[in-house]
Every structure is written in structure tokens, then in C-alpha cells.
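Labels for the chains are A, B, C and D, by order of writing; each one numbers its residues from 1.
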Amino acid sequence: MEQLSQLLLAFIVFLSLYLLGSSSLTGCIKIVALQGMCLGLLPLTIHSLGFHPRALLLAAGMFILKGFVIPRVLLYAIREVKIRREMEPMIGYTLSLLFGAILIGVSFVLAERLPVPPGLRTNLLIPVSLATVMMGMLMMISRIKAVTQVIGYLVFENGIYLFGLAISYEIPWLIEMGVLLDVFVAVFVMGIIINHIALAFDSISTEKLTRLSD
Amino acid sequence: METLRLVASYLMMVILAPPIMLGIITKTKAAVAGRKGPPVLQPLYDTIKLLGKGAVYSKTTTWMFRLGPVVSLAAVLAAASLVPLVGAPLIAFNGDAILFAYLFALGRFVTVTAALDTGSSFEGMGASREVAFSSLAEPALILSFASLAYRSGGLSLAQMFAPHGGPSAAASAILALGSLFVVLLAENSRIPIDDPNTHLELTMIHEVMVLDHGGPDLAFILHGAGLKLVLMTSLLVRLILPEMPAVGAVGSLVLGLAAAAVVIGLVESSMARLRLVRVPQLLVAAICAATFGLILTLR
Amino acid sequence: MIYLLLVGVPFVIGLLALAVDSDERRPWLLPFGCAIHSSIVVACWRTLPEPIASGWFSIDGLGLLVLSLASAMLLVCSVYCLEYLRLRRERHNRLFTACLSFILGAVSLVCVSRHMGLVWVGMETATLAAAPLVYFNHNERSLEATWKYLMMGSLGIGLALLGTFFLALAALPNAGQGDPLVIDTLVARAGTLSVPWLRGAFIFLLVGYGTKMGLAPLHSWKPDAYGESPGVAGAILAGVITSCPFLGILRAFQICVAAGLSGFAQSLLVMMGLLSMATAAVFIIGQRDFKRMLAYSSVEHMGILVLGVGLGPTGSFAALLHLINNGLTKGVLFLTAGNIHRAFGGKTMDHAHGALRRVPISATLFLLGFVAITGSPPFAPFVSEFSILRAAVDGNRFGVALGFVGLLAVIFIGMATTVLSVVYGVPNTESKEPVQGDSPFMTLAPLVFMAAIVFLGLWLPNWLTTVLGDAAKLLNGGAS
Amino acid sequence: MILLLAAVLALGVAAVLSASLFRHGHAARIIVIGGLAAAAIAGGALAWRVLWGLEVLDFIRPWLVPGAVFHLGIDSLSACFLLLVLIVGGCAGVYGEGYIAASHGHVPAIPARFFFLVLMASMALLVGARSAILFMVAWETMALAAFGLVSCEHGKPEVRKAGFLYLLCTHIGSLCLLALFALLGRNAGSLEFSAFAAAPALPAAQRTAVFVLALVGFGMKAGFMPLHIWLQEAHPAAPSHASAAMSGVMIEMGLYGLMRLLALLGPVSMPAAIFLVALGLVTAVFGIMFAMVQRDFKRLLAYSSIENIGIILTGVGLGCCGLASGSPSLALLGFSGAILHTINHGLFKSLLFLSAGAIYQAVGTRDIEACGGLQKSMPWTCGLTAIGAAAICGLPPLNGFTGEWLIYSWLLRPDIGHGMRFAALAAAILGVVGAFAVVAFSKCYGLTCLGQPRSEAARNAKEPSWIMLGPMALLAALCAIIGVFPAPALYVAFAAAGNVARLARPAVSSGLDEWSRLLGVVGLLGAGVCALSALLWSLRRSLLRRRGVAAGPTWGCGFTAPTARMQYSGASYPVPVTRVFTALLATQEEVHPPLGYWPVKASFASRTPDPALERWLPVLVAKCEDWLSVPRRLQHGRLQLYLLYVSAFLVVILLWKL
């Protein structure tokens, strides 16, 4: 079990890095979906208590939502506004990958300062979740298309959820609900906004959204 | 009785001294120039004659123009009461020196405004020059007053302008004297700062301000100017001259005044009027002298 | 029960508003709902309700303050809305009206819930409910503003959630007995919390809620959102919605102090406070758009709030007082700014000149509001700002005091330039739409706020003082 | 003490009524004058009681504002300023009614009335305030009311500029005062003035801080060089009765603050005292120099206010020197000189501003070059102006001399310590200032009222209504009375000075006897001058009665066709002096000399910009501008950047603090 969870975590980090480097929009969405599925599997593996009914429930919910529903919404959105597939990051792919690597380092440094919470099989969870959060933020910062920023936000959310796993048993299920609600609403609202942007600018590049400034 | 005598002699000095002193000055100048010159009492005759005359007033002028000569003479008369003309002053108190200076300022203010009242460009010019030069003479006057006050230990003219001993005191007194002499020339518009009997308006300072006055007004003005001269000269004389017991206080003062008149006459006939642009420099020099004198007293 | 009412009534009203489909009649729901809510709040003032649901819900001084502020401001603003929405016939106000009362509900949730998770949920609801307000004008600029507001807001919300998780991890050692995220439990067992996690929690909560509150350098959405939304939305954003994240930060601070981390927390707060004031000063100088100027002034005052909290008990008292004063004054400023904006059809110095001639009452109130917000007596903000200054000086923080006064001066210069040129002068005659002067309700609302400011500036009621004192004690480790 | 409250309330109620209920016509006029009268009666009675040594209990009530107590108290210092406020303000207020009526709507009546009365009320409250918060409330209300008055006619851009500048300066000053009181409150543990007085002495560094803060905070209001920048802009902008009250009383409140602080905290160190004297002299010289070269007569008056503030500050500094050198008599002399000059300045400066207002309304311009010959058309106004001008030059029969005389006799006192002989130089500088004042005001009065009219408007100007002339006459009468009979004013000044120097009444009264004797003689001589003038005048009359008096044209020295334009102009009049100080004044001249044999047109224009406002400040502002432009780029408009700020800040904080 432990190896499996380690493996999954490593895979999640790898997926985030891959996202930073990948250029195709649909590809990105698919990768996020994949990452979501991994997250869905993770609770089954990570805790010493093994197959807990709530863990199953949570896993199923996450698997469906992050793996299928949200990617569908996104794909629908980009089909609606028929944007060009390829997209250009503000900083080149290599550089953003480099930053991603640095952020992973940073997150491990930070995790060093935090004691490992009890009842956790792997001490990899905290740094990985921090790294995912940071890479999500990096993606939001470095990409231009609105959709990609949404994807970045999804990665960020995945990181938070990953963190939530660490304590998913100690505190009631409200937190998970919070995560789901958060992800769902975020994507939902942003989808609407993207459509409006499309109507307003007939392209969803945020380049146009720089009128308001001092 | 005593006070009555004092007042009487005071009036004598105030009425007679100015014209006679002016007369002596003109007489000296004439003598130096090798002329006979008018009699010594000529200014007195002039004054009396002017008092008897009528007056012509410009249609531009208002009551300010008529008030000017009156108030300026009154101010000088009031100043006279502070000066020990007959041994002791009529009124003496600590700080009357400042009042003395400001009474002259009052006279200047009304003369200047009276001049401006005529609306003549020439009189405006005279007024402008008068206020300018007097504002440079003011610090010299006050600084020399200060050094004299410090050295005599009192801020009353009677005290300040009494002869005192002491070498350093003497030195400072001499410097103060010098600057005071320049102030005297400036205040009374004598050569080398101003020429009382020039006839080119463009070069005048004081005379040009009184061009429009005539009759009693002019008499007041002339007498006031003369009295001003007498007052300041008598102060200087008291500072220089020790009181001669033979002739008494009044006598020594009169003699001193006569001598001063001769000196002024000699100065005026020996040198020419300065160019107007040079006048401020002379006054500033006086200020420097007074400051130096002050520093000497402080030492 | 009373909690249910506080949270439920607004949501019910909001749903009703969604149901009603007449733009004329719908707005009347708002004052109605707000009045009910306010009466409940008054009831709370009389007797504080008991905690329920194993301490998940209860009201303490802090919550009561924010709750009352929110309720009162929304009541007055809803009156303003009646007329405002009548003037804006061209827009459907269904979402606008509903969201206003959803906001009230969410804010009430934040105030009455003592569970950090619930606090967070309420915060998120408030954020989302505010988005349609920002987007009310439906033009490109408001769209951009909304986009930025939502992205930044979501980021902040996410970080705040992460902070909440950190808090839970800090509380893990005493998991099992009770719910670890209930504030009272956290404060009670503060000694047993694991310090590194708590530090992390505070940092994440500060950054997360700070983003929503608009502390520099996390403020960058603020000028856009405030500048492009209608005046009344600005008033609610600046007066009500910013006070929720502030409450969240206060909760975190409360726990840190109880756990003996007060030095760490205070240093962070003071730093962010001064930084926010400095940033505001930089951008207020030479600001030509008076709504953006107000936004930056809001950044400044958020800074003043956290600065005050960072200065210890007296400072916290002043900061809590300033929370109320700032909210009310911002109400005056934004509402009158909206009126001026509408009277001139523009919100920059180039459009708006001589407002005193065109909308005399609004312009006078705008001017007075400016004088008040910059801390001149006899207005209320003077009292709080002066107390904060005294707190700094009394605590020997002379550098902080110097920075505080200096920044206040610079900000005053900046605001005066804009405000005076807007208020005074002669209006340029060629204006597009027919000029509309002052209208009763829309001047009444800011007038009420102004009256409140003057009153509080000259006479701070005892009951308010006691509650403020209790809250300040609560914050700084005293027993509630 | 109830009386003070009554006065404040009367003014406040009158303000509200005149603004709200009775907006127009006689009702408002009656309300205003009634309020002023009621306040004057109540306050006057109170001041009388205090000055004549009767005990007045403080009025202390709890005040539900953190750290505040509603504490009113009054001592001779307060009473002295209260009297000044009520007299000058009352005259200005009554005049203002006529002024507003005669302005035909140029001066908006409601704000002019309302803010004026609020200004009065706040000043009356200010002198009674005995706790920092009450003081600040009164202070700021005063400042805001004055701002309202300045920007009454905000249609004009220069008025807006002036109002903006004034608001800036006053608010920065208030912030300094806030810091000051916070510092004192920290030391005393309370914001009560009595606690300040009782508190232990501050450490040296904080003492310096207090000194600087007080100097900036109060000096901004009083207009010490170079903090004066708002003054010469605001006074011309305000309606004349407002500028009279502002220049006559409000700016002196800054000095009241300084003296109040001295009375609370005790003597300052010798260097600080000497610094005060130096600052006062610099301010005085600067003010009068720039007054000389103005062509707008209200601006000229404003600059001369700076000068007089400088003289008063010199007096205060001398008093501090006395305290620092442990000589109570010198301290008393300095302070009393300062306070006496404050009273006098309040009287003649408001008189001059009022007459300036009358002339402005009659001629329609404030430009000296467009006036002239007004003494024929409006003899009363010009006569009163003459009195004011003579008084402000400090000429003997009038009150201006008395205060200056006290300061002179401090400076030239032969028995002051050897270390303080620098005083003589100060005396010389004061002498220059006095002489320059003669230049400035012989110009102001002479060129405005005398000579030939320089414009059509000046030729057919009209005398203002009695309601404007009455207050002016009253002020002029007070100037003359104090000049010839200074004893009462001196008594007030000494009582107040005793408070400032923290001396007991016996010590004060012994000093008072000496100096009132001397000043009595001065007044006597002044009366003598008047008597002599009357004598000579009647002599002249009798002489001229016998002879004829003819009228003719002014003697043109042979030039037969002089015109009004050939008179000496305001620009050319002070030139002989200004030529000497070109380097300091930096007058800008624009000369187009007549060219060729048949010159078509030639012109000469000169202007002297205020150095602090127009030469130093812009440089500073420009520096700040380009310094600020760097961080402005941060608000770039790009969402990605904003997100970057958040993330970067988070990471930094985490690495630093976690």
C-alpha cells in the first residue's frame, strides 16, 4: 500500500510538471482529469485504517467529479468559443518547468519545518500537496488563456484537496464538501465568465483584459 | 518758577536755534566761496515772511496734504522735548531714545503721504527715495543708540549722550558718532547725501517732496527741518563736548551748535553731492561702523 | 433558533427575490428583509444567545460588532437601492437584489459560526454573491473587473482553506475530544497546539483572507472592482464584505495570542498594515478617478485596521472602533460618489467638476466624508485614528507612529487634490444625458451614515464602549 | 465658565439659524448680529472677571470619547485672546453683513455667514479648551470653517488653488499636533492639560521632538517662514470680513497654542529660545520685504501679517530667553510685548482688511495700480485706512508703537546679561522691519487713496454703507485709544504674560507698575503730538484766514500736461529699496524698452513670486513625482501579475516567518 501511495503522489507531481510543459489545450484538460482520478484513488491507499466507508464515498465522489464532470465542462466551454488549440505561455515552457522544479524544492524545504502529522503512512503527502498548490499558482501566473488559468486553478485545488486528505479522518466531512463546492463553483462561475469574455472579445485571451490600470 | 524758566528757555532754543544754525551754515559756505552771503538771521526772516503769506493748494490734494506739515512739525517738537537742550530735557524716561527715533519716522510718514497726495510724479519720486534711504539709516541709528545705551547703562537720551570716560568706551563712542553723523546728514538731507539748495528736481530727495507747499505750511516744514538738524547736532555735541563750567550747560551747547554749523558748512562747501546710487553704500558703511562700535562695547 | 433566523431570513428573502419577476416590486423585499434582520440583531444586543450545536454557533463581542455593522449598513443601502434600481430600469435587478440579501446571510453566517470551516464557507458564499454586484453594469470594463475579482478571490479563498487545514493539523494532537476547529476549543487548548503548524496556519489565513480584505500587496483587484461597480455595491464591498475576512484574521490572531505567538502575529500585522498604507499613498497621489481613489483609501484603512490590531490591546480597541467608523464613512463616500458619478456621467476629474453646483447635498456629504475619513475631528474616524496613534506612541513604537502620521499626511494630500477638484469649481456645461440633481432616498442614506459618524465622533455610547472593550480583551487573550 | 459655553452656544445657534431657517434678508442679519452681541456680552463679562483676578471655576464634565474629558477652563491668557476674538470678530461680523449685502451675490451669503460664525465659536471654544481632544476638536473646526470661508467664491480657479493649499497646510499642521499630544499624553498618562503640566520632564530627545512638532503644528497656522505658503494665497481669496477675522485672530491662535504649551511645559532651553528669536526675525524681514513689492493690496496685507507674526514670535522668543536665563522680569517683558503686539495687530490688521474690502467693492479690483485718488470719493474709508496704516507702521500716537516699544526696550536693555547683547542686532533688524513697513504702507495707503485716480472705476467710487464704516471706525478708535492710553491693554498683556511665564500675581504686578509708568509717558507724548498738531492746525487756520487760499493744478516742475498715468506706480515706488535686495527678492521683470526714433509701444512688467511656494516647493513636488512614478507601474492591469504578487508574497512570508 505504502509504495502505491508514494507512487501515486510522485505521479501527481509528474502530471503537474507535464501540465506546465504541455502546449495542447485539450491535452491539458485530459491531464487534469487524470490527476483528478489519481486524487480519487489516493484516499484508499493513504491511511493506515485502510478501506473506510467514508474513504470509499469520498474516493468515488472525487473520481467522478474531478475525473469526468469538470473536464466535460471545460471541454464544452472551449468548444463553445472554438478557441485555437495551441497556446503560448508568457514565459517559455522550459523556464516554467524550471520554476516548477524550484517550487518543488521550496515546498520540500517548507515541509521540513513542519512536523509530520500522526497517523499518516507517508511523509511525502505534505510536500507534494504544497508543490501541487504552488505549481497551480505558477500555471495561473504564467499562462495567458483564460481556460488555462482555470486549469491552473484546478491544479491548485487538487493540491489543497491533497492536503485535506492528511486530516480527512480527524475532522468531519464538511471540509471535503468545502473542497468540492469550491472546485465546482469556481469552475462553474469561471465557465460563465469565459463565455462572457468570448462574447465580449471573441477570444478568451486575457491579453485583452488589461484596460483597468493606473 | 524753576520749571517756568526751563520751559521758557526751551521755547527760545526751539524757536531761535534752527534758523540761526541754518544761517551760520549758509554764511560759512558763502565765506568759503568768497562771497558776503545773506545775514545770519535770513532764515528767520524767511520763516516769518512765509507765515504771513497765503497758500495755493493743488486741486488733486486732500486734507492729508494740509495735515502733513503740521504733524511733522508737531512730531519734531515732541522729539525736542526729549533732547537735553538746556542742560536737562523736559521729559526723560528709560526708553525715550526709541520714541525719539519713531517720532522722526512719524514726521517722515506724514511728509511722504502729503507728497504722494499731490499726485505729481516728481514728489512721488522724492517720497520713494526718502523712505528708501531712511530705511537704511534706521539700523545705523538704532545700532549706535544700542552701543551708547550699553556704555552709559541707560536707554534715555539724556544719559546716553553724556560724555563718558574709558578708552574702549571712547573708541566705540567715536564709531557710534561717525555713524550718527552720517545718519544726521541723511535725515536732514545735507550734502553729500542730498543738496538742500539744488534746483534740479530729478536729483532732490527731501526738497522735491515739498514742492507744492507754500505759505505757513512751507514755514512749518522749513522750521521742522531746521529743528531736526538742531536736535541731532545737539545730541552729538553733548557727546563730544564736555560741559564748560564757564558758560554753563546752555552756553556750551550753543557754542557747540555754532561750531557744528561751521563744520557742516565747511563739509558742504568742500565736497559735492554723491550720486544717488552711492548713497546706500554710504549708509551701509554707517551701519557697519555702528556694528563695529557695538562689538567694541560688548568686548 | 435565533442563529437560524439570522442566517436563514436573508437567504429566504433572496430566494423570494429570485422568484418575484417584476423589477419594480422586487427591490422592496430588501428593506423589508433587512429590517427583520436588524430587529433580530437588536434582540441579540439585549441578550447574547447561548452557544448551540456543541459550540459551532455562538456570538461573542467580535461577531456582534461585525454583524451589527453589516446589518445596519445593508438596511440603509437597501433604502438607497430602492431609488437607485428605479433609475437603472435598463438592467434587470433580479440577481442584484437576490445577491444583496445572500450577502447579508453569508455575512451573518461568518459572524455567528464559531467553526473555522463554517466561517470559511460563509466567506466564500459572500465572495461569490458579490460577483454579480460588481458585474452589474455588464460592460467590458465591469467584466474585466469581475474576472479579476473572481480569480483573486478564488485564490484567496483557496489559500484561506489551506490555512484552515493547517489549523486543523495544528490541532491534531488534541483531536478526538470535541471538534478541533471550534474556536473556543482552540483557544482553550491553545497550549497544546503544535506551534509550526499554527504559524503556517496564521500565515495562510492572513494571506488568504488578506486577499479578500484587500491588504497590500494582495489588493490589486480592489480598484478595479470598486471602480467599476455601482456606488452602492462599492459601499457594501468596502463596508461589509471586507469586514468578514477581517473577522477571520481576528479569529486566527485570537488563537495565536492564546498560543503565545502574539509577537509573531503582531509583527506580521504591523508590517502589512504599514505596507498597505504606503501602497495606498503611492496610488492615491495623482489619482484622477475618484472611485478608484476611494478603493485605495479602503486599502489604506484595511491597513490601519490590521496595524491597530498589531499594536496590542489599546490598539485593538481602536481598530475595532475604526472598523465601524470606516464602514460608515465609506458608506457616505461611495453612495455620494455614485450620485456624483451619475450626475456627471463620468468618474474622473476630467468629467466631474463643481459637483457642489449640480448635486449640492451629495457633494457636501462627499466633502464631509473625505474630511472625516482623513481623520479630522469632530468626526468618528478621528477618535479611532488618534487612539491608534496613541497606542503606537504609548508602546514606544515611534517609528510606526512616524510612518502612520506621515502616510496619513501624504494620503490626505492625494485625496484632497481629487476631491476638491470634483466638489468645487464650475461644471462644464455640455453634459450628455439630462442632468439629474439630488433625489430624496439617495441623499437620505448617506445623510444617515454621516449623522452616525458625527454622533460617534462626539459621543461614544457606553454600551458600545463596553462591547468594544470586551472584544479587544477577547482578542488579546483575556477571558470573554 | 457657563458664560463661555453660553457665548459658544450663542454663536453656534446663530450659525445654524442663519444657514437653515432665516436664510435671507434682515432676519439673518439680525440673527448674526444678535449672536455676535450675545457672545460678546457673555464672553466679555467672563474675561472681565478673570482679568480682574476673580476666581473662575473650571467646567469639567465626563465626555464619552476615549481619553477625552470635556474640560473648559480660563485664565488671563485665555481671557486676553477671548477678548480679541470677540472684539475683532464682532466688528468683522457686523461689517460682513454690509459686505455681503453690497456684494450683490458675489459673496454667497449662507456659507459666508455660517462658516464665519462657526469660526468664531470654535475660536472661543479653543481658548477655553483644557484637554487635548477638546482642543483638537476646536482647532480642527476652526480650520475647516476657515477653509469654508476661503473657498466661498470657489467659482474662481485662484480661489480653489488657495483653498486647496490652505487645507493641505492646516491638515499637516493638525497631524503634527496630534503626534505632539500623543507624545505628551504618553508622558503624562492622560490627555488633560493639567496632567501635562504635572507630568515629569520629558527626556531630551522627546523634548526636541515636542519642540519641533509644536513649531510645525502651530507655525503652520501662524505662518512662520517658510510654513507661510498658504497665507498670502488664502487671505486675498477669502471675503474681506473673513480675511479680517483670519488675519486678525485665527493665525494668532497658532501663537496662542505656542504660549499655552509654554505655560504648561515650562521654559525651553536657551538655544531653542534664541532659535525662536531668529525665526521670528527672519519671518518678519521676509514678510515685510515681500509686502513691499506686492501690487494686490490684500496680498500686501497678508504678507504684512507674516511680518507681524514674526515680530510677535520674536517677543515670545525673547520671553523664553528671559526664562532660560532665569530672569522673570525679562521673561515678563518679552511675553507681554508679544501679547500686546498680538492685540494691536489684531486691531489694526482687521481694520486694514476691512477697509481693503470696502475699497475692493468700490473699485472692483485689488490692484493698487488701478486705484488712486479715492480719498476724494470715499473720505471716511481712506481716513480710517490712514490710521490703520500709521498704526501698523508702529508710529507713536497709535497702538502699533506700544508693543514694539516693549520689545525694543527688552532688546536695548543695558542691564541684560552679557551673553544676550546679540539683542542689539535684533533691535537693528526690527528697525529695518519698521522702516520697511513705512515703505510698504505709505505705498499701500498713498498710492491707493491719494493722488489722481488711475482708472475710471477709481474716479467714481462710492463710500460704503454705515454698517461697514461703523466697525472700522470702532477699530480705529481702539487703535488710537490704546496708543495714547496704553495702561489697560498693558494690564491685560501683563496678566496673560504672567500665565505664560508661570509667575505669581505679585511678581507680575511689580513689573506692571514699572512698565505702565513708562508706557504712560509714551502715551502722554503721543497725546502731546496730537495736541501740538491741533495747536499748529488752528494757528495755520488763523494765519490763512487772513490771507487768501487759492486752488490750482499740481506744480509739474515745468511740465505742463501731467496725466494720472505719470504718477509713481506701485511697482516703481519701492524700487530704491528693492534694488539693494535684488538677490533676496528675485523679482522677475519683463521690459520692452521703446526702440527706434518713433517707438510704437513699450512696456514694463515686474512680479515677485513667493520663494517658498513658487521656487522651492515645485522642486520638491517634482522630485516626489518621479520618485512615485516607479511603484505606480505595479498596478499594470494584468491579472497574471496580480496573482504573481500574491504568490510571491506568500512564498516569501513562508520562507521568512514559518
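Throughout what follows, a contact is a pair of C-beta atoms (placed from the backbone, for glycine too) under 8 Å apart; a residue touches a chain by one contact, two chains touch by 3 or more.
Because the structure is a prediction, the values reported are computed rather than measured.
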Taking each chain's centre as the mean of its C-alpha atoms, which one ends up farthest from the centre of chain D? A
Grab the C-alpha centre of each chain and report whichever is closest to the global C-alpha centre. D
More C-beta contacts across C-D or across A-C? C-D
Provide the C-alpha centroid distance between chain C and chain D, rounded to the nearest whole angstrom. 44
Give, as an integer number of Å, the spacing between the C-alpha centres of chain C and chain A. 31
Separation of the C-alpha centres, chain A versus chain B, in whole Å, is 101
Taking each chain's mean CA coordinate, chain A and chain D are separated, in whole Å, by 70
Could you pull out the residues of chain D that touch at least 2 other chains? 632, 635, 639, 643, 646, 654, 658
Two-or-more-chain contact residues of chain A, please, as numbers and ranges. 113-114, 137, 140, 149, 206, 209-212, 214
If you go through all the chains, which pairs of them touch? A-C, A-D, B-D, C-D
Can you tell me which positions in chain A touch chain C when the two form their complex? 113-115, 117-118, 133, 137, 140, 146, 149, 153, 156-157, 160, 163-164, 166-167, 170-172, 174-175, 178-179, 181-182, 185-186, 189-190, 193, 196-197, 200-201, 206, 209-212, 214
Which part of chain C faces chain D closely enough to touch in the complex? 147-148, 151-152, 155-156, 159, 196, 199-200, 203-204, 206-207, 211, 217-218, 220-221, 223, 264, 268, 279, 282-283, 285-286, 317-318, 321, 354, 356, 371, 374, 376-378, 382-383, 386-387, 389-390, 392-394, 401-402, 405, 408-409, 412-413, 416-417, 420-421, 424-426, 457-462, 465
Chain D to chain C touching residues, read off their complex: 63-67, 133, 136-137, 140-141, 143-144, 151, 154-155, 157, 160, 163-164, 167-168, 171-172, 174-176, 178-179, 182-183, 185-186, 624-625, 628, 631-632, 634-635, 639, 641-643, 645-646, 649-650, 653-654, 657-658
Would you pull the chain D residues touching chain B in the complex into a rising list? 372-373, 375-376, 379, 386, 390, 393-397, 401, 405, 408-409, 411-415, 418, 421, 424-425, 427-432, 434-436, 438-439, 442, 445-447, 450-452, 518, 521-522, 525, 528-530, 532-533, 535-537, 539-540, 543-544, 547-557, 562, 564, 566-568, 572-577, 580
Residue positions on chain D within touch of chain A in the complex are 632, 635-640, 643-644, 646-647, 651, 654-655, 658
